[in-house]
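Common to both upcoming complexes is subunit A, partnered first by subunit B, then by subunit C.
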Partner chain A sequence: MNAPSPARPAWLGLLARAPRGAIEPLLAEAPALPGFIRLRGPEIGMSMVRGRAGGGGAAFNLGEMTIARCSIRDEDGFVGHGYVAGRDGALAELIARLDAALQNAARHASLHAAVLAPLAAAEATRRAADEARAAGTEVRFFTLATMR
Partner chain B sequence: MTSLTPGFASPLDAQACFRALLTAFGDPGRAVTLADGLAPPAGLSSAAAAVLLTLADATTPLAADLPAPALHWLGFHTGAPFTTPETAEFCLAGSAPPLSSLRQGSETAPEHGATLILDLPDLVSGRRCRLSGPGLAAPRETTLPLPASFLADWAEQRRQVPRGVDVLLCAGRRLLALPRSLAIEPA
Partner chain C sequence: MYVAVKGGEQAIDAAHRWMAEERRGDPALPEITPAQISEQLGRAVDRVMAEGALYDRALAARAIRQAQGDLIEAAFLLRAYRATLPRLVDSEPVDTGAMRAKRRISAVFKDLPGGQRLGPTMDYTHRLLDPDATGPAAPEPAPPEPPPGEPAPAEPPPPAALPRVMAMLGADALIEPDGDPAPAAADLTTAPLGFPAPRPLRLQALARGDEGFLLALGYSTQRGYGNNHPFVGELRVGEVAVSLVPPELGFAIEIGEITLTECEMVNQFAGSRNVPAQFTRGYGLCFGHADRKAIAMALVDRAMRAGELGEDVTAPAQQVEFVLSHCDNIEATGFVEHLKLPHHVDFQSELETIRALRAAAGDDDATL
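Let's turn to the complex of A and B:
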C-alpha cells in the first residue's frame, strides 16, 4: 500500500470545486486515462454540513447537501475516489479516475500540467475577480474617524 | 496498490438479498439460495458477504475473523466499524462461539441482541434436528451442521426469551436462518 500523497487533498478539492464542464475540455488535450472498474457507485446521497457562525463558537448542523460519489480501481491498481456537490454521477466518476491516475507517479506530471495547473489558474482568476468585486463594496468609516 | 474489488453491482441486489433474508427468517430451517453475481475476497462466502453488504452499515459494529483483504473489503463497502465479538451487532465466524459471550439485548430492547453469521463449508452435513416454533406449522426435521455444544447453548438461550442471539448459517450462495424464537432439539 502506498502512502497517500500529501497533495491529494488539494487536487481532490480543486477537482470538486471546478465548474461543471471545465474538466472534460482539459482532458481532451491530456494523455488518455487508463481503463477502470467501478468499486462503488456512482451514487447520490446526502451529507450534513456543519459550521460555526462567523467562524467562532461550537459547530452546529447547518443543513444537508446533495453529493455524488464514486470509487474506482484503474488498470494500474490505483483506487480513486471522487466526491462532488450535486447529482452529477458521471463527474464524480471522472474525478475518481483522475484521482487514481494522479496517484500513479508515471502519469502524475503530465496530468498535473494538462488538468490541475489550468484548473488552479482558473480558480485563482475567479477568486481574484470575486475579491475585487467585494472590495468595491467595502465601506471605510473614515468620516467617523476624522470627526472625532 | 490494492486489490479492492467491487461489491453489489446495483442497489437492487441488496434488496433481493434482504427479501431472501425475510424469507429465510420467516421459514426457519429452510435454505434459500441467493442470486449469483457477487465476487467477495478469499475467506468470505458469497452468502455471508451478501448478508453483510445488505445489513451492516456505519451504525452496526462488526466482528469478523478474516484475512486483511477481506476485512478491508467489508470496511470499504459497508462502512461498519470493527470491534470484538462481545460488543458486535454482527459477528462473523467459522465456528460458533459460546452464544452467551455475544450481545444478548435487554428485556426492554431485545433487538440489541447480536446476529451471529456462521460461514460454513456446507449446510447439509451434520446432525439431525427437529425444529419447531413461530413460522413452522408443524415441526421440521432437518440436518444442521452444528456441534452438540451449540444445541446446549441454544437450549440455555431459550430460557431468557426475548433476549438472545439470532443465527444465520451461510455456505456458498445458500443461507439458512435460526431466529432466537426457534426450538431446536436433537431428532
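Let's turn to the complex of A and C:
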C-alpha cells in the first residue's frame, strides 16, 4: 500500500516547492480529499543542510533550516507523509493528505489534473521567467590592450 | 572568577520597558513588519541566517526587528530559538552544480560555457548615496513576462546546470581535485570544537562565522599575511534544492529550495617531484546572497590549508585554532560583553591585592 511509485518523489518535491498559498486554491476545484487521522505531527523541527568542500568533496554541515512534517492515514487506508521547508505545520499536513490520496489509483488522475499539473506549469513558467531575467544580465567582457 | 549578584529587578524592568519603547520608535510612524524586513532588507536577513546558522527568512526578519537592527544580537536570538527545536531528518549534501544560478561570474575565464551573468548585483554601481531623501527610485519595470496560463514563448530550452569552472580546469588536471566525497561527520551543533579540526569542521565554523572577522582575515592574506595569490574561479548565487531521506520513505524527497552563495577560489600552485604543479583551491558556501562572505570564507579556508599543503604557517589566517576559536560572533560577544556585568567582588579582591602590595612596598621602604 505504501510502495513507492516512481512519481512519488516528484510529486512530494513539487508540493514542497510550491509557493506559499498556491495549493489551497487548486484544491477548491478538485474532488474533496478523504477524511484522515494523524499518525504523527504536524511537528516543527530542523534539518541540517550539508554542502561539499569544493562542491564535490567531503560533506560538511553548512547550517540548519526549519522544516515541518506530518504523517497521516486516510479513510482509503493510504499513509501519506509531508515534509516542507519552513514552519507551516498545516501545509505539511496538507501535503501528507495529498501524498496519501495521490497513491490511490482511483483518485490520482483527478488530483494530478487539478493540483499537480497546474503547480508544475506555474513552476515552469516561474523558472523560465527567472532564467530569462538572469540571462538578461549576461555579460561579455572585452580585454583591452595591455595597460601596463 | 565571576561572583553572581542579585537585586535590581525594578530597575531592570524599567530599563526593559524603555528599551521596548525605543525599539518601537515614534508611535506616529507605522511599525515595520517582518515581511518588509525580509523583502527590503534581504541582505541583513541573509547575514543573520548565516551567522545564526538557521535558514528561516521569517524568523531572521523577526529577530532583526526585535534586536533593533543589531545583526549580531539578531543572530543570537536565532541561535537561542534553534535550541528549542528538535533535529528531525538531516539533508543530503546539496548539489550546487545543479543550482539555478541567477548570478554566476568568473574572474579567470572571459568566455565560459553557459556564460557569465551578473544577476542582481551592486557591483559596477557608483556607490553614490541617492540624493532623494524618500529613498531610491522605484525600479524600472522588468521586461514583460508571459501572462499566467499562457505557455511561455518558444525559446531554446534553458541550459541544463551550468558547468563548474573548476571542472574545466580539472579536466586538464591543472587544479587539485575535490577529494573524497566522504559523508558529513563532526558537527559543531552537537559536539564542541576540537583540534586538530578537519576541513569539513572548519568549513562549518566558517559558514556560521562572523562576516567582519572573515573579511578582515581574508584581507590580511591579500596584504601579505599568508598570501596565496587568489583568483575567483567562480562565484554563483541561486536557488538550490534541499533533499532528505525520511526513514519512513527510504528514498530522497525535495523539501524546498534555499538561496546559497558559493565561491570557488583558485590559488597558486602546489606540487612536488611526484605531483606536477597544480592550482590549489579554497571554498566558500553560505546561506543567502552574500558575495563578500563567500569570498572571504574561501580565502580563509585556503589559508588554513597551509599546513596540509606544506606551506609555512606564519600568519593569523593560517592558524586554524586561532581562526576557529574566534570566528563565532555569538561566543565572542558573550565573552566580550560580559565585561559590563557587575564584577564588584572580583574587583574588590584586586583592590585589596594592590593595597596589600603597596603596603608591603611601604613597609619595605620603611625598613631601608
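Methods note: the second predicted complex is superposed on the first by the 135 of 148 C-alpha atoms of A that agree within 3 Å, B and C clash if a C-alpha of one lies under 4 Å from a C-alpha of the other, contacts with A are read in each partner's own complex, and residues count from 1 in each chain.
Everything below uses one rule, namely that contacts are C-beta pairs under 8 Å (C-beta built on N, C-alpha and C of every residue); 3 or more make two chains touch, one makes a residue touch a chain.
Only a predicted model underlies this, so the values are computations on that prediction, with no experimental measurement involved.
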Both complexes share subunit A, so when I overlay them there, do subunit B and subunit C fit or clash?
fit
Of the partners subunit B and subunit C, which touch A:Met48 in the superposed model: first, second, both, neither?
second
Which partner, subunit B or subunit C, is in contact with more residues of subunit A?
C
With both complexes superposed on chain A, which partner does A:Val139 reach: first (subunit B), second (subunit C), both or neither?
second
For A:Arg38, decide between first (touching subunit B), second (touching subunit C), both and neither.
first
Centroid geometry (CA): angle subunit B/subunit A/subunit C, rounded to a multiple of 10 degrees
80
Quick one: classify A:Ala22 as touching subunit B (first), subunit C (second), both or neither.
neither
Tell me the contact category for A:Gly77 with respect to subunit B and subunit C: first, second, both or neither.
first
Is A:Asn61 touching anything from subunit B or subunit C once the two structures are fitted on A? First, second, both or neither.
second
Distance of closest approach, subunit C and subunit B, by C-alpha atoms in Å
6
Once the two structures are fitted together, what part of subunit A is touched by subunit B and by subunit C alike?
43, 71
Residue ranges of subunit A touching subunit B (in the complex, touch as defined):
1-2, 37-40, 43, 71, 73, 77-79
Subunit A partner, complex, touching residues on subunit C are 49-50, 53-56, 58-59, 82, 85-94, 96-97, 100-103, 105, 110-111, 115-121, 142-143, 145-146, 148, 152, 155, 158, 164, 166, 177-184, 187-189, 198-201, 203-204, 207-208, 241-244, 246, 248-258, 260, 262, 264, 281, 283, 285-287
Residues of subunit B defined as touching subunit A within the complex
1-7, 11, 76-77
In their shared complex, at which residues does subunit A touch subunit C?
4, 8-9, 12-13, 16-17, 43-67, 69, 71, 81, 83-87, 122, 124-125, 127-141, 143
